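Across the two complexes that follow, subunit A remains constant while its partner is subunit B and subsequently subunit C.
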Partner chain A sequence: MKKLINDTADVVSEALVGIGAAHADLLRVDLDKKTIMRADGPIQGKVALISGGGSGHEPMHGGYVGMGMLDAACAGEVFTSPTPDQMEAATKAVDGGAGVLHIVKNYTGDVMNFEMGAELCQAEGIAVEAVVINDDVAVQDSLYTAGRRGVGTTVLAEKLCGAAAERGDDLQAVANLCRKVNDQGRSMGMALTSCTVPAAGKPTFELGPNEMEIGIGIHGEPGRERMELKSAREIVAMMSEAILSDLPFESGDQVIALVNGMGGTPLIELYLIYNELNQICQARGITIARQLVGNYITSLEMAGFSITLLRADEEMLVLWDAPVHTPALRWGV
Partner chain B sequence: MKKLINDTADVVSEALVGIGAAHADLLRVDLDKKTIMRADGPIQGKVALISGGGSGHEPMHGGYVGMGMLDAACAGEVFTSPTPDQMEAATKAVDGGAGVLHIVKNYTGDVMNFEMGAELCQAEGIAVEAVVINDDVAVQDSLYTAGRRGVGTTVLAEKLCGAAAERGDDLQAVANLCRKVNDQGRSMGMALTSCTVPAAGKPTFELGPNEMEIGIGIHGEPGRERMELKSAREIVAMMSEAILSDLPFESGDQVIALVNGMGGTPLIELYLIYNELNQICQARGITIARQLVGNYITSLEMAGFSITLLRADEEMLVLWDAPVHTPALRWGV
Partner chain C sequence: MISIENLLTWLIALQTTYLENKQYLTDLDAAIGDADHGINMERGFTAVKQKIEATDHNDVGSLLKITAMTLISTVGGASGPLYGTFFLRASTACARKTTLTNAELVNMFDVGLQGVVQRGKARLADKTMIDALTPALEAMTQALENGASLTNILQAGTDAAEHGMQQTIPMLAKKGRASYLGERSIGHQDPGATSSYLMLKTALDVWGNEET
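Up next is the complex of A and B:
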């Protein structure tokens, strides 16, 4: 295992210190609770948004904390859920009196621990709503999950709901928007290589020199099919078909598209993939109205990518364009 | 070779189409000349900035085209210099009457071809200045270079000089600033793995399962030393020492720091590295006044990182903070 780390036990803590130091103008880091918070929070009267999950998916979620997006992100160990006391502490720390929305990716540990954290806070009178994101069309159940996994739509939900909270929407409205985003978002991923969890010390899985895995999860969980490597054109066609036929997306739809690198894929390949996706959407009468191309929800150093499409109404585009100021997404400010 | 591409001959063109489609609001792409330009250019009366070089280092340089940074970027094939006619066409296309600055990384082919492009334009009466960036402290001469290579300081020079041009500085002033940035910037890189150039089809070099290469170039050119993998703390200490003692940086200095991933290094490791660098700077009385942590000048999917430090005066910090709107760097707008 070749990693740029010190002790495997300190990876998450030391990275959190680095994030805090690099973005001291935006963030404060509670090292004890492994939680990243807005430096200017809690914001009185604003619905607060929290997400979190295992580390190793950076910039998600800590990179999305800041004005117009999350109020806090709870970090677990690499690919390990954060604990209920982290979510409890974060919820209390960010609540500005208007309630707190938990945006939870659908992994069994995350869902359970967020639920327990929410109950502890609700018992003390804090209004908490939770929305579980389950946008991955690849498989129904998987190694870490009952039902569909939560992947790229999470990033889009955090942006859109963060903007809604920032303009003053109430907890029910922000939670309903989050459910709508989840309902209208679909994703699928693939991998060329495995990643290696530092504490495990060896690759999560093995792929042959000419193999790829289609439909893989963000922890290297098995996908739909292991097959011989194909051209980018064929791969994007396969994945787009699975995504587009699932909602289904239709001619006339406008979408927000995320072409996401898994951590070890060069940006030049991601733009080549975006070109393929854009052509497919055009041919079907679907307009990509907004897009992100880059590393937004990663699996350590895995080579591969995922596509997320969100059917977006005008309201969502307004929220997308609203100012955001986080380490990983920034515009309008 | 596992790559997310179609035909190796089409990688650069197809990626350029993808970049143009994803950022149609900011950029226009001349596919014939493989050049990315500001959509709103040429800007009359503004000094124009051009850079360029081999592809495979994305987001450099195409990702830095836009308001407050570059006016055009010429793309060569992967790790291959663009040709003089590309620089000539780009220079003519962006000139708004105030002259054009060429920001050139010190690689023999780039320097030669930019020079020829400049001469062709000067013969037609366009004022062209060129500044060669040579900030890599690792080795004096290398596979592609006489003298020191141009690496991370290029990104910082493009930002700072772009801001100076945007506020109306004249060609001499912008060129002098670029020389000053180059004089005060130092970089060094390392790799855990090789990258694979698509057209070559096999890794540029081999590293053993417990080896790293210190001082490597952005094309995988050999560095200072191949040695057994060490801890992040030891690696950053070694690289920082080489950088800090070279200028030398001194107690009381404030710097702009770039902790740059080579393309295959997870962001969690880059933040851990930033923490080590920040501690070393603090211990020496050097203040990191601004920073970037992420993939800014890459070597395809190489695992590894580089550190760039630029001794910055107040003027440079003002230029750093000025608005910028490009695919890869955006703030203030």
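Up next is the complex of A and C:
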């Protein structure tokens, strides 16, 4: 294993200290509870937003803490959910009296840990709402699976709901917006390589030189299908078909598009992917009204990408354009 | 009869068990999950060991509660809430007790299992830890009713858990991260069922043949 680390046991803590030091104007870090919080919080009268999950997906979620987005992000070990005591502490620390929204990605561990954390806070009279993001079309949503995973739509939900909270929407309204974003967002990912969890020391799975994994999650968990590597055009066509037909997206729709790198894919390839996606959308009469291209929800050093499309109404576009000031997203300020 | 000292011995031995099986459990998890189960269990029980060795214990319930709260705050993933809930419920079944009869011990495991079922919402044959624990509890209850010794009760439970664990290999996962794999989860032994089997096996190893 080749990694720029000191001790595997210290990876998460040392990275947290680093992000705190690099963005001291925006963030403060509670190292004991492995939580990143807005430096200027709690904001009285504003609904607070908390997310969290395993580490290894940077900049998500800590990079999205700041004005117009999250109030706190709880970090677990690499690819491991944070624990209920972290969510409890974060919720109490950021509550400005208007309640707290937990944005949870649909993974068994995350859901159970956030549930326990919310129960602890509700028992003390703090208003907590939770919305579970489950946008990954690669997973069949049925009684026979843990349900669809939460992936790229999470980033878009954090931005849009953060803007809604900032303008003064109440907890119910922000939670409803989050559910709406989740309902209208769809994603799918793929990998060219595996990734290595520092504490595990070896790749989570092996892929041959001419193989790719379609429908990959963000934890190095294998996807649904392994196949021979194809051209970017064929891969994007395959993935966008799965995404577009699922909602389904229709001619005349406006979307916010996220072409996301998994951590080990150069930007030149992501822009090439965006070009393919843009052409497919144009041919179908779908307008990409806003977009992000880059590494926003990663899987350590995995090479690969994911596509997220969110059907957006005018209100969502207004919220998208609203000012945001976080380590990873910044505009309008 | 199981004393507080016996329980301490078991909980401390679990740290050794999960340390020795850290790689094994992580490898099983790499096949159908996210390659961290052994790492998380070892981290959790190392914290439990440190915590319970540093404190005096007057009753079984509070010892198990400390174990539960430590697991909840250190394990993470799905295993944290599941094993945490197991020990939390087990602790309520042993409140203010200083010893456990064989019947009380079996009841402790059973109440813990019911907590896991509630928290995880899994059913038998979903390829989870309850596929090891449910048959184990059936076998232990049966052995108890037959008047078996503690060793024989634990032997029956461990054997049934081991069989249940092996039975997860051909199963299609319906819960947890392995369920994302669909058909590809078939052919792999469930890591959670394996760590549950190890929990019982460790009880047999430390309490068996210690005719109490």
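The definition used in the following text is that the second predicted complex is superposed on the first by the 328 of 333 C-alpha atoms of A that agree within 3 Å, B and C clash if a C-alpha of one lies under 4 Å from a C-alpha of the other, contacts with A are read in each partner's own complex, and residues count from 1 in each chain.
As a convention for this text, a residue touches a chain if its C-beta (ideal position, glycine included) is under 8 Å from a C-beta of that chain, and two chains touch if they have at least 3 such contacts.
Just so it is clear, the model here is predicted, and its values are computed rather than measured.
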### Message
By the touch definition at the top of the document, which applies to A:271: first (subunit B), second (subunit C), both, or neither?
### Response
first
### Query
Any idea whether subunit B or subunit C touches more of subunit A?
B
### Message
Going by the contact rule set out at the top, does A:293 touch subunit B (first), subunit C (second), both, or neither?
### Response
first
### Message
Under the stated touch criterion, which partner chain does A:235 make contact with: subunit B (first), subunit C (second), both, or neither?
### Response
first
### Message
Looking at A:31 after the superposition, I want to know if it touches subunit B, subunit C, both of them or none. Which is it: first, second, both, neither?
### Response
neither
### Query
Now for A:21: first (subunit B), second (subunit C), both, or neither, which partner does it touch?
first
#### Entry: Interface residues of subunit A shared between complexes with subunit B and subunit C
78
### Message
Under the stated contact criterion, what part of subunit A meets subunit C in this complex?
### Response
54, 76-85, 107-109, 112-113, 115-116, 138-140, 143-146, 149, 197, 199-200, 204-205, 217, 219-222, 224
### Message
Could you list, by residue number, the parts of subunit B that touch subunit A in their complex?
### Response
2-6, 11-12, 14-19, 21-22, 55-56, 58-59, 63, 78, 192-193, 209-210, 212, 229, 231-233, 235, 263-275, 278, 291, 293, 295, 298, 300-301, 303-305, 330-333
### Query
Taking the complex as given, what residues does subunit C use to touch subunit A?
26, 30, 33-36, 39-40, 43, 72-82, 119-120, 172, 174-177, 179-182, 184
